[in-house]
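Let me begin by presenting the structure, written as structure tokens, before commenting on it.
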Amino acid sequence: MKKIINTPEAFVDEMIEGILLAHPDQLRTPGDDPRVLVRADAGAPGRVGIVTGGGSGHLPLFKGYVGTGLCSGVAIGNVFSSPSSQQVFEATQAVDGGAGVLYLYGNYGGDVFNFDLAADLSELEDITTRTVVGRDDVASQPKERKADRRGVAGIFFAYKAAGAAAERGDDLDTVAAIAEDVVEHTATMGIGLSPTILPTTAQPSFTLEDGEMEIGIGIHGEPGIHRGMLETADQIADRIVGALVADLELTAGARVAVLVNGMGATPLEELYVLFRRVHQVLSGLEVTIARSYVGEYATSLEMAGASISLLALDDARLALLAAPARSPFFEEV
Amino acid sequence: MKKIINTPEAFVDEMIEGILLAHPDQLRTPGDDPRVLVRADAGAPGRVGIVTGGGSGHLPLFKGYVGTGLCSGVAIGNVFSSPSSQQVFEATQAVDGGAGVLYLYGNYGGDVFNFDLAADLSELEDITTRTVVGRDDVASQPKERKADRRGVAGIFFAYKAAGAAAERGDDLDTVAAIAEDVVEHTATMGIGLSPTILPTTAQPSFTLEDGEMEIGIGIHGEPGIHRGMLETADQIADRIVGALVADLELTAGARVAVLVNGMGATPLEELYVLFRRVHQVLSGLEVTIARSYVGEYATSLEMAGASISLLALDDARLALLAAPARSPFFEEV
Amino acid sequence: MLATELNESIRRSLTELVRYADELRDLDQALGDGDLGITVSLGATAVIAALEELPDAATPAEIAKACAKAFANANPSTMAALVAGGLLAGSKTWTDTTEVDVAAAARFIRAGGANIGQRGKTELGDKTILDAIMPAADALEAGGDAVTALDAAIAAAERAVVETRGLQSRRGRASWLQERSIGLQDPGATAFWRYLQSWRAANVAGAEQLSGELA
Amino acid sequence: MLATELNESIRRSLTELVRYADELRDLDQALGDGDLGITVSLGATAVIAALEELPDAATPAEIAKACAKAFANANPSTMAALVAGGLLAGSKTWTDTTEVDVAAAARFIRAGGANIGQRGKTELGDKTILDAIMPAADALEAGGDAVTALDAAIAAAERAVVETRGLQSRRGRASWLQERSIGLQDPGATAFWRYLQSWRAANVAGAEQLSGELA
């Protein structure tokens, strides 16, 4: 296990310490628990708060999307583990400006149960919460069981849209409806080429033979639909875009936002080779790409692999996506 | 060799095609050669042009730093290979607005010879050029042979400062002097944990045993000063910051910009664990960090490793570093 | 059993439970991410500390709530959240309870299990902790003296745990393994069974020897 | 030799040179990045194509310039840039040359080598192409009839190439290997020597047999 760390136990807290030292003007810890971070101006009166959270090891997910026009706060778990309900609750208290708080995070059991508990705690303190979970991974469940899908990189679109809505002063129900609408219109599928080594166990998250890839992999290395021989970039893009277009029922004339996401070790160059083909395929279907994002948006430590997300756009979603945003990890001007 | 590509031969051109498709509003090819990219408004009359270039495989270096407040154009070589003099010359013609062109790139033989040839070609066309080469890798040569050092991630500071100077209308000699001044005050050192596989040869760029690291590694996997057992993040940071502080002769009261750069496969989390210690060590020396950059700025495909760069600051350098900049890969607001 | 005795009994049983941490870690390593050992050992330590802080006047319901809060935060995870939620739901059945008997225990466990099932969107046979909780609740509801009822609950839970081996995991991280989960024993169900055993070993006279064998 | 014959001779010798591409690739793989085989084969093809386009009226200097331009762009690299620069410098010594004889060739190669040394900040013994060029220029400057002078140049270059094995690389990518470069033969110097041999094989009557042996 070759990692640039001190001890597996200190890894998460030292990482957070580094983030706070690097970006003191943009992020702060509202209380004593270093696992809770909020944007510098969190709690602005009248503005809907957005709290996200989840396990560590996915940077820039989740902490990276706390900022202007994005989320207001985050609760941070151990590597690939949920934060506690108490941490989510602390974040909730810190970001609430009287207009209520949206919980927006990925659909994983541990996270769901802890956010739900936090919602109960918040209710006791008269803070209204709504919950929307990212569930964009088409490989994790068939369309009939859409509600049970895992949340992966496509949650970025929901952060961006809901964050823009909160920033312009929409009320909680509207912000939640926007997040839900974006989640509903987002589909993602990924492939994995090599595993992650968990710092605490020093075990690979999965195993693959030389020359194999896992199609439909999740961001913790969860198995997908199909394990097969590594294909070319074009074949991979064709396969994934085909699945996403079918899932979203895109037809000629549709507009989409595209996110080609690197899982950690895959070079940015390869993501652009993928994007090239995504563009070709969508053009062939007369689907217009209105916004493109290429880079690392949701990683799995040093896993090699990539995912492609599509968000079907209407004018409202497009405007929210294009709104300005700023965090230490993401900037839209 | 697990790569998301089509063929090794098509890799670079398809990657460039992807970049142009993703960012058509910010970048364009001025002529027929896809290996030459310039910013959308390149050649603005009276503005000094800045041309960079080098081998592929280092994204966001070099193409990522073409934009507002950064470089004006780039000539792109094969993976880890120089662009041609003709390509550099084409970029030069496209970005020249009558105020001359600065060549700003890393100190590698192939690049130097091709840029020098391009300077000769430009002279024949009455385009004035100046050349400043990044040479910040303290591990590549001792201080007595500073002029022979390799250029690595620290060239980012020179792009940022020279780009800001060109943007505000400084003349060629001033822009060149600023670039030279920044290069002179920049020092970098890196460590490598795992090699890159070159797409064309399918060979690893170097070999390391389990549990070993290469201290002072270059961005093509060039050997450094010392090969030893992997250390903790704090030991690595102590070692590197110690070398950089000595090289730049920083003393209490100094101000610096810090860049903690990932070489490709190393998770962002680990870079922040490093940054934490860099901050501690510099604080202990009473050196102030005025600007922090943490992320992937100069990579080596999927190499695991990281580098730390310091730029000693004065008011002028700090102001240029803080100036706004925008490219598809880097934003400073 | 009165509140102060309940407090002590829980603490004693949790001291016993941590002996199973490695077993739970290994089971969770095979089916999940291996953190259940830590969840249980940190959780037990946190609950013991919280209970030591409670005043003697604390009611059974207050004791259960203190357990919930401490367990939820010790090592956040699926089990931490579900068990904490279950404890809170159980505590609501004790609002007027001053003395905990078999019937009160049955009420508590039934309500806790129902809450877990609801929150976890889980049914019996999904290969989760629920599969051990519900048969134990059934056994306790059948009544009898405390030791007999407890032994029946332990036996029912053990049977259920063994049966999880044949099931496919339908919830949580283990469900990602799909068919590959068959043959492996559910860690959460095991944890519940081990807790009942720990209670007996720590609190029932004559059970020390049994407990010794597990070391 | 007049310009048209020069044009043809260069093309013939380059066709011959590509036979050495694998050898050069392997040498550069050991000391550098392995692209020298491609540089030479793509470069040769590009130069041949450029020379075929030239009008018969092209002067020797114009021919050399066309070679420089084509070689520089075929596969950008250290050798591509240095050799192109050397060819341009050589062409300047031919401004008034209409017929290329041994003296003209010597002039050309000396100027080309000097340019490479200057641009590459290289001295003899740095284990580069310069180590083969300069002894060949010496041999040509010693004069004699064309074939004798060429053979002397080939012999001198070969000796220099063998000697590079004992040297440590001080320039370019190979210098990164430091002491580990000792024992390996410099690819750039080898390329120059192989080019002289190719010229002889392709253009000197009776040399076909020699050339055959290399296949």
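Order of writing sets the chain letters: A, B, C and D. Residues in each chain are counted from 1.
Throughout what follows, a contact is a pair of C-beta atoms (placed from the backbone, for glycine too) under 8 Å apart; a residue touches a chain by one contact, two chains touch by 3 or more.
Just so it is clear, the model here is predicted, and its values are computed rather than measured.
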item	value
For subunit B and subunit D, chains touching each	none
Greatest separation from subunit C - chain, by CA centre	D
Inter-chain centre distance, subunit C versus subunit D - centres from mean C-alpha coordinates, in Å	81
Where subunit B and subunit C are represented by their mean Cα positions, the distance between them in whole Å	57
Centre-to-centre distance between subunit B and subunit A (centres being mean Cα positions), rounded to whole Å	29
Residues of subunit C touching at least two other chains	none
Set of subunit B residues in contact with two or more other chains	none
Residue numbers on subunit B that touch subunit D, as the complex places them	77-78, 80-87, 109-110, 113-114, 116-117, 198, 201, 203, 218, 222-223
Of all residues in subunit A, those that touch subunit B in their complex	2-7, 11, 14-19, 21-23, 56-57, 59-60, 191, 193-194, 210-211, 213, 230, 232-234, 236, 264-276, 279, 292, 294-296, 299, 301-302, 304, 306, 326, 329, 331, 333
Touch list for subunit C against partner subunit A, complex	29, 33-35, 69, 72-73, 75-78, 80-82, 84-85, 119-120, 171-173, 176-178
